[in-house]
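Paired with chain B in one complex and with chain C in the other, chain A is shared by the two complexes that follow.
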Partner chain A sequence: MTLLPPFSRFAPAAALGVLALPVLAGFAGTLLPAFGYLPAVGFTEFSLEPFRELVEEPGVGRSVWLSFQTGLLSTLVSVIIVAGFVAAWFGHNSFLAVRSLISPLLAVPHAAAALGLAFMIAPSGFLVRLISPELTGWDRPPDLLIVNDQNALALTAGLIVKEVPFLFLITMAALPQVPVRRSLRLTAGLGYGQLAGFLLVTWPMIYRQIRLGIFAVLAFASSVVDVSIILGPTIPSTLAVRLVEWMNDPDLSRRTVACAGACVQIAVTGALLLFWIVVERVCATIARVILANGHRFERDIFVRQCARAAMVTSAALVFAGLAMMAVWSFAGLWTYPDALPQNLNLRTWSRALPSLSGHVSTTLLIGVSATLLSIALVLGCLQRETEIGKNGTGRALYLLYLPLIIPQVGFLFGLQFLLVSGNADASLAALILVHMIFVLPYVFLSLAPPWRAQDRRYDRVALALGASQRKVFWRIRVPMLLRAILAAMAVGFAVSVAQYLPTLLVGAGRFSTVTTEAVALGTGGNRRVVGVYAFVQMLLPFVGFLLATIIPALLFRNRRAINLG
Partner chain B sequence: MIKTLLATACAASFSISAAIADDLTPNPAEWDQILENASGQTVYWNAWGGSGSINDYIAWVGETLEERHDIKVRHVKLDDTANAVSTVLAEKSAGRDEGGTIDLIWINGENFAAMKREGMLYGPGWVQDLPNWTVVDHETKPTITTDFTLPVDGMASPWGMAKLVFFYDSARTEASDLPDNTDDLLAWAKENPGRFAYPQPPDFIGSSFLKQVLIERVDDKSVLAAPVVEADFAEVTKPLFNYLDQLNEVAWRKGQAFPKDYPSMSQMLADGEVDITFAFNPADASAAIAEQRLPDTVRSFTFSGGTLSNTHFVSIPYNASAKEGALVLANFLISPEAQARKQDPNVWGDPTVLAMDKLEEADRGAFDALDLGIATLPPAELGPAFEEPHPTWMNSLERAWSARYGVAN
Partner chain C sequence: MTAVDMAHSLTLKDLRISLDGTCLLALDEVVKPGGVLTVMGPSGSGKSTLLSVLSGFREKAFEVSGRIFCGDLDITEWPPQQRRAGLLFQDPLLFPHMSVGQNLVFAIPAEKRGRARRRAMAEAALSDIGLPDMFDRDPATLSGGQAARVALARTLLSSPAFVLLDEPFSKLDTELRQQMRELVFSTARQSEWPMVLVTHDADDARAAGGKTINLSDAAHNG
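This part shows the complex of A and B:
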């Protein structure tokens, strides 16, 4: 970093390389086997055989439909909850309260949230135990299919409780760029209820800002693996889960089928995005009709209460689920219908600690390295932007979102082939690089708005006083933006901790993180050990966010103005 | 019938192939050299990782080997051993004949058969040269030298014995109501709908349950000892799938969802979701009681007509990077010390592969001192053993199961 001007010149290209190259190369590496070309396994002739085999796979159509349906439903419901809540309660006290309730949930990895949710909603789970047998008369848990249900409703719910915090926070980030209060005053002046006024006038402006984030959610939800393994149906599973199974089949020719399936997965996600655009149009038309007929929706308090209840419920489910997983990690005998264990002990923790420390250090090593490299590149890019006086264009932003919008299986399979043929699989460097593909966009997206909002006049004053660009960077920009930088790093670290599939595929099983461990154990029986891992999995990102808050507070304890910034 | 004869002949060839161990590199007959080369190596041991107590035991093995031989053991936790087979196969296809990423695999059945068939195993004949082989009970335990009808040929070192055993909670279920064969089990399940489940094949235990049902329904058992004949498969397995059609109707969640593996079923027993579970380890429930995962009212039972039984092994891939370390590890696993610890239900409870009469007094004492646990049947009450069918049956059964039940309607 001491080579700052040259570094910043080369940073955008490097960032581009980190993001686009592995994705495109991986995509190509997936495409070739899908058409029968996989020389490592002895397939050298192009054919449509893999697709033919894919189509003949029992239930593959159902798997495709499940992926599409889960992606659509979970995103739709999440957007409705977030839009409804923000519209209903913006400017009220409960808005701030819920905001501080929801924010920490961003740090919770999907798998941990899913594991907690599974125990909450199962027929022998915590909610039923709370009221059984006293209220329900259920001496035995009812034989109801809730978790792993065939219509993937549990999976959808698991995705919703995690997408809501994400969408809520990107909405928060977009709010300052929209004249919310003025437009609210305007609609109120015209007699609209708060909900309708916000949704019809303000929300479209916000929506434009968060649209790419919603696309990322659609792509993620339609191709997720870890949450689907925990909560999703198994007869059959969603497409992405089956692809990973085929990829691991001892019959190596199945890998071409897996790659053909990965292409289908990309198509499914693509179709979902297109369908979503249609949904957008339909919503816009409906909004115009409503505006034109002039109905004011003044009496909206019931709907507003519902919106808040949905928001709070989704957060409460995750919090309670995580708390329950923590209790499980200390539980002695705990059978149905006891709502709490008969006794608590440290046995699970003391037994898990030796192997846990190894997984935690691997997680830290990968997460911290990927985050540091990413923040360096992002700072370089942003500094370059400042130097040449141009902001990233819309097209560059799409590139940034590329790894978030292409389903992971779509390029990770191919990437794995490339790494194996280069003997670079199961190497730490490869793993860190692959994590960066997902960490870097989030770091960039978190840091860019505060960086660009920073008052340029400070720079100009420093430059006028004779400081070099490098000095301005280190002495003015970095200290003033330290909070934002650390917050972006915490986000990046949380993203790295949560990565399941990339760690599994590129790490070749040799690098197990708390997340791969939690998922591996999570579907097995020992809820106590799962509790330990879910807890640690949640704790690590949390510590990251805590540090991001504490460090600037300590450093700048005598600089009130910086703290406010 | 001819196939049966062939299989028997193959089993007999075991002693012949054992003789060709001399040209192995490294050569386990020169044990001092093995120990010397093993020092400082890291052994990547790919083993199913779904059970906390087994993982802890493997961690203990690792600590011990690091202490005594300066060998680091890394447990690569698999959710399906087939994944390890596919990894070695991919390496072999890519021409990586040295420096493979797997040094040792916990294995038996179809996976062992596949690796042996594809020439992906180190050996043959290294097992008999392990110093601790002298205390292994290969005379009275035929599954130690014949795995799923295939001769082991000294390419897999025995680790533990497995027998299908069932568990119930005596506080909830009367012992007199318990089934004594799979027919009874179906009748019981019809009377107690939703209270029996089996793991979803291709989970190992789930597939084993299918084999138990099949064995009880095939008149000529020799058919199962030979490879599957596609033309006859549907006919032979018809009674099995008739049975499953009825069982799934009354099983947990009406067969719309299945537990992932047997530890999940153990949790379901504690949750009151099911009343009868099973495992391949007679001490599984005792181990769970010791860990307070199950109430101390859980007991085990088995079928008087017999249940499936086999041995599980460790094997070394042909391209393993740390063969010496893997050999030392395999040898340690059949040491009286490691075997006695493994049989302790407070640790794992997995039955030993050693012959008690071959052990030193003190070592035998360690086994005698073990309290097998309140829910473990003594070896004499475990009932007759059913031999495993040829490994091809497992594959075909799993595929047929998935096609029939793996797609929701």
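This part shows the complex of A and C:
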């Protein structure tokens, strides 16, 4: 067969280039300054001086610990909530209800969720207002450090409410590949309660499928910058936030310290991953002991209710926070301790609109371009798989997860140096390319399962009817998978909209998106303006998902099989 | 390379399909125009792989030797889109994003140009199978029997050089199965298509007439 569309032949290599080259080159570009080599500022000899300076920075050990602790705690709690809920309620009506509730939360950028949570839990936030002064006696906001607390508990909570939907949805994607119902019937027949039966037999099968996703969550949570700026501790901040501060220091020599810190961040994330593997082993051992002891845990209704409550609370906090942001953006006079504003108006919106429109256009330009280029490459890669009749290997999957598992600061600093030395920093093309590093894996991970699950006999029928590979691709595969393609594009666009650090570093201040602006405003005090930006930041991905739902529904409104998926 | 454009006999010359060095089947057969070669055998005996090989979709895991001729043309190395193999599976596999009529138009060879002419051909084909006025219907709203007839009409419109049937009646109820057998085999005879039928059902083999090969017989297992 020699009628392969030429694009699909080079798409895998191009995708590999987009993912691996910038990450590896950026990593090398971080490593050299970390060891004292940064010719741009006159450092031309290798030394360990940056690491010595790093160690002497006040509170750096605490920053390292905070990063480790936040990554571990937030991931552990999120996994427990998701595993507990799925185990407790799979097959029940409330499972379906919560699934529909959680799905839209994937579209909410981390920063928007964090800002929403801050609006809820701050001393002058909605939760305190709701019970004050009647239950608390507080006539003015209490002097409590809830947001930005020193133990990073607010940061951990902010990460949990956003990681839970992500982990839940990748678990949903893994469920069809596991004989869940059969296993549940089997364990119930042996006398196990639903929770124990699921966790002991089914969960290990699901876990194997979502393990890489959990590693990505660990890496993200231990090195996140935007959420940490909004909710995290300040004196000292988490390591990643301090690294970005040093990187943006007017004293250019501080950049070597930032790069040394980036190496430490990679080590922290690596240590966290290793620690997690130990946690996995411990859990497996506990499960074996429970199985050997023959406990059945038939009476599990209380724990099951707790699991559902945790899941619903996590989702409700995000929804309420988002609603609060919207209310703040329209709020007129709103004094403490009123639970709601005295009136609503458009004043903040009309004031913010001139600068907002510029940020929205930049966000759209970068997001749409990165998404279109990514979907083209992903379609090319998947089409290539179809043509050669072979799916990507496990090694390719690791490569796909590379930008998600290596902390962003670990390679973006170096990438910025490389782009500056090539006079390519602060260019739109560079920014789109850097966004693609993060967009492409998510687009691939979203589209690959439905693409591979598509009945290949349709292709065979079409080819046997005399259609070329190209015709089969455009007339059969793409329309039949349009819904999945658009959904993957919506995911990609949402990922692009949420990017903070890549835009900040590679955009070099010349490209400001809704997210960079929302995070910058988030540390200030004007909740109304923050509300506007955070609301728009949430709205953009939501519109993406809405279009991904509406377009195929309209195009195929008379095609029942397509609409039923 | 010339596309097959006339109905001729289908010749399988010393065709051997092996997996990991073990011969699954060995055939040396000529299927005459309008004739049917029925292949029966247990699961995993290579029946469906035979159809894949004949239609040009060679599975990489299998080793294939021998030649395939359509008339005088050696099509062994031809890509699927040039072989003009009509495929009928147990599912009708109508493209769900197209209307019934669009499914048929898709099958009409490109050399038959003109939108109105192609639509007229599809509408005529629908009338022939007793489903007039169904051009704009959603395939998902057809009954099993109607969908099976549309799938047959689609194959017919593509002017196949030969037809490969992969248990095409197994999902139909008894009455419908009988009707479809008659329709498919009589159409094949009229159109002079050589056919290869893969089935588990001895009744299919009887209705097809022609030669039946059972792959559990040692002779066909190398």
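Convention: the second predicted complex is superposed on the first by the 561 of 565 C-alpha atoms of A that agree within 3 Å, B and C clash if a C-alpha of one lies under 4 Å from a C-alpha of the other, contacts with A are read in each partner's own complex, and residues count from 1 in each chain.
Following the convention adopted for this analysis, a residue touches a chain if its C-beta (ideal position, glycine included) is under 8 Å from a C-beta of that chain, and two chains touch if they have at least 3 such contacts.
Fair warning: this is a prediction, and the values are worked out from it, not measured in the lab.
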item: Clash or fit, chain B versus chain C on superposed chain A; value: fit
item: Touched partner set for A:Arg52, first chain B, second chain C, both or neither; value: neither
item: First, second, both or neither for A:Ile476, with chain B first and chain C second; value: second
item: Touching partner for A:Arg182 - first (chain B), second (chain C), both, neither; value: neither
item: Touched partner set for A:Asn423, first chain B, second chain C, both or neither; value: first
item: First, second, both or neither for A:His295, with chain B first and chain C second; value: neither
item: Comparing the two partners chain B and chain C, which touches a greater set of residues in chain A; value: B
item: Contacts of A:His92 with chain B and chain C, given as first, second, both or neither; value: neither
item: Chain B versus chain C as contact partner of A:Val461, first or second or both or neither; value: second
item: Chain C versus chain B - closest C-alpha approach in the superposed model, Å; value: 48
item: Overlap of chain C and chain B interfaces on chain A (superposed complexes); value: none
item: Chain A - residues contacting chain C, complex; value: 1-3, 389-390, 455, 457-458, 460-469, 475-476, 479-480, 482, 556, 558-562, 564
item: Residue numbers on chain A that touch chain B, as the complex places them; value: 40-42, 58-59, 62, 122-124, 140-141, 143-145, 147-150, 233-236, 248-252, 255, 331-337, 343, 345, 347-348, 351-352, 354-355, 420-421, 423, 425-426, 508-510, 512, 517, 520-521, 523-529
item: Partner chain A, residues of chain B touching it in the complex; value: 44, 46, 49-52, 55-56, 59, 63, 74-80, 82-83, 85-87, 89-91, 93-94, 96, 101, 111, 114, 193-195, 200, 252-254, 256-258, 260-268, 270-273, 291-295, 402-403, 405-408
item: In the complex, chain C residues that touch chain A; value: 3, 55-57, 59-60, 79-87, 89, 91, 93, 95-97, 99, 106-107, 109-110, 138-141, 154-155, 158, 160
